[in-house]
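Order as written gives the chain letters A, B and C; numbering starts at 1 within each chain.
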């Protein structure tokens, strides 16, 4: 299975809009949303069936049995995350607890225990030979590379025969991005022509380069700042990165998304441009060269 | 007065709103808590920068004392330790600095040392004091940097020092609703949520709205990039009864200023007016909340 | 010599698991006695650092050789310290890979990927 990962360094560049257009154009049989913090892809790839849901467990969290607690304060004094609250009784701040187990270790009465905690939910939509894997992290559960790995694993297991998979990546630079990068054949970076967009793009390209993955770049909303767009293109030239095209800002695109449609479902300028980027991406991925 | 600016996702204009609100205030502090991708300094270009490293504690082993009992290896929930061929290996970037192994070691072979994970920069940009947190790539958690940023700000604004309620601080939060965002809003008096007028925008707004209500924070929404026609985010606010603070129309001029990392209120009279009036609205909201709660 | 192989199923004919740290089982094969046994991989459920824990597990079981399709950086550090040599598997079963190794047909794994840093919490 060839895997294409769409990344952007930061959110809001149009990564999901482009991923959904690619899925539509390709009639993709396998795709996944690795933005487990704020998944959006399901809003636009219409799913007819109900997903199969599964709880995802992160690190366990501490729980204090107040019947056994003698209020010696050891747990609170030794917790580095300020996760032990002392009110009338001792309590664990669920969101601050990192599950390190120090409180359990120091408690002389065995009143503290680590309990499994659901940190999110994995969802798998499968119908008509099409597989869509996604997940939603619970609030305050921290960024989890493991959940991203699970999303990808779930997609691969459910669609063993698919030749091609499209993955909407996680924003940022942290471990979820590293997890989404592992095992992919190519990364398409969606860049935005702003000073901060360029700075984020450079950081994400450096990260991806560490993995030895083929990297290509396209610009979204290129006409909002043509000068910066040119800077992005010359950066690509300088670093021998494949540049696959420019997509214009398009009011129609917003409307399409709001109606739950992809930008290639309607006749619009951004849709036309994304088609060209799509063709070049597939050519590069399946035929190589540049 | 501490105002946190958040959004469910990056790219909604969170930094634009917090930067411009800070710049529209006579004297203010801007804190960039988006430590993975701090962008506020690109706008402010602060001068007179003062840098301080931020460290966490990680274990160090004295081989003389280690007898290979492996209690620390078994204890570590993060698997940051391994013991093979008579030596203990410590993986520093996996360690969460809980200190458990040091407490546990029966031979007292483990001690702690400091490890730099990033830094805090302070500088001035006109009347705005700019705080930036920068997390080194590959480090597991930016929370210690955020805590340092907020603590430094608090110690500078001691009650009685200058009237704390008048000193405005704007906190540019990381995107999303992870624990790092919770740290950022912990001490905020008010939260501004920035939302885009799309279906995605609504979904993300809903997430971050749930987060701030979980913390019982008073909240208002800035609708950004508004276009003609229906605005799903506005509809959402109406349905939930969330206060809409202002609507910023989609505008090429603002887009261009922003993409060139210029501060709109310093370049355009129009935006000075828009953000000054937003600032007044926010101040009134906060006073109202304080009066209401006391 | 003791060989460890990450496997999907609890027998020697199983496919080799693509993930070292999160493999459900390890096959441990002793070339002298020609006996094999299956270990449950207690590292598989870890939120993070699974590779490190899995490496510790096979080191504790006195393995000298690991056969795996890929490996993270940190797991490789532990294995190196434990003086365990790492060879790259082919698409075949665990048994066939062990035979290929004994026949000198497998090459050393030289491509180590940066780990996933799967931090929870």
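Rule of thumb we're sticking to: contacts are C-beta pairs under 8 Å (C-beta built on N, C-alpha and C of every residue); 3 or more make two chains touch, one makes a residue touch a chain.
Given the structure is predicted, the values throughout are model-derived calculations rather than measurements.
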Chain nearest the overall C-alpha centroid of the shown protein atoms: A
Pair of chains joined by more contacts [C-beta pairs], B-C or A-B: A-B
Intercentroid distance (Cα basis), chain C paired with chain A, Å: 29
Distance between chain centroids, defined by C-alpha means - chain A, chain B (Å): 20
Intercentroid distance (Cα basis), chain C paired with chain B, Å: 41
Overlap residues in chain B, where contacts from two or more other chains coincide: 77-78, 96, 140-141, 179
For chain A, residues contacting two or more additional chains: 59, 98-99, 141-143, 174-175
Touching two or more other chains - residue numbers and ranges from chain C: 47-48, 117, 119, 121
Residue numbers on chain A that touch chain B, as the complex places them: 9-13, 16, 37-38, 40, 43-44, 59-60, 78, 80-81, 95-96, 98-102, 105-106, 114, 137, 139-143, 171-175, 192-197, 199-200, 203, 207, 224-225, 227-228, 251, 254-255, 257-258, 260
Residue ranges of chain A touching chain C (in the complex, touch as defined): 58-59, 97-99, 119, 141-146, 149, 174-175, 178-179, 182, 210-211
In the complex with chain C, residue positions of chain B that touch it: 73, 77-85, 87, 89, 91, 93-94, 96, 138, 140-141, 179
Touch list for chain B against partner chain A, complex: 8-12, 15, 36-37, 39, 42, 75, 77-78, 96-100, 103-104, 137, 140-141, 175-182, 196-200, 203-204, 207, 210-211, 214, 227, 229-230, 232, 252, 255-256, 258-261
Complex contacts: residues of chain C adjacent to chain A: 22, 47-48, 113-121
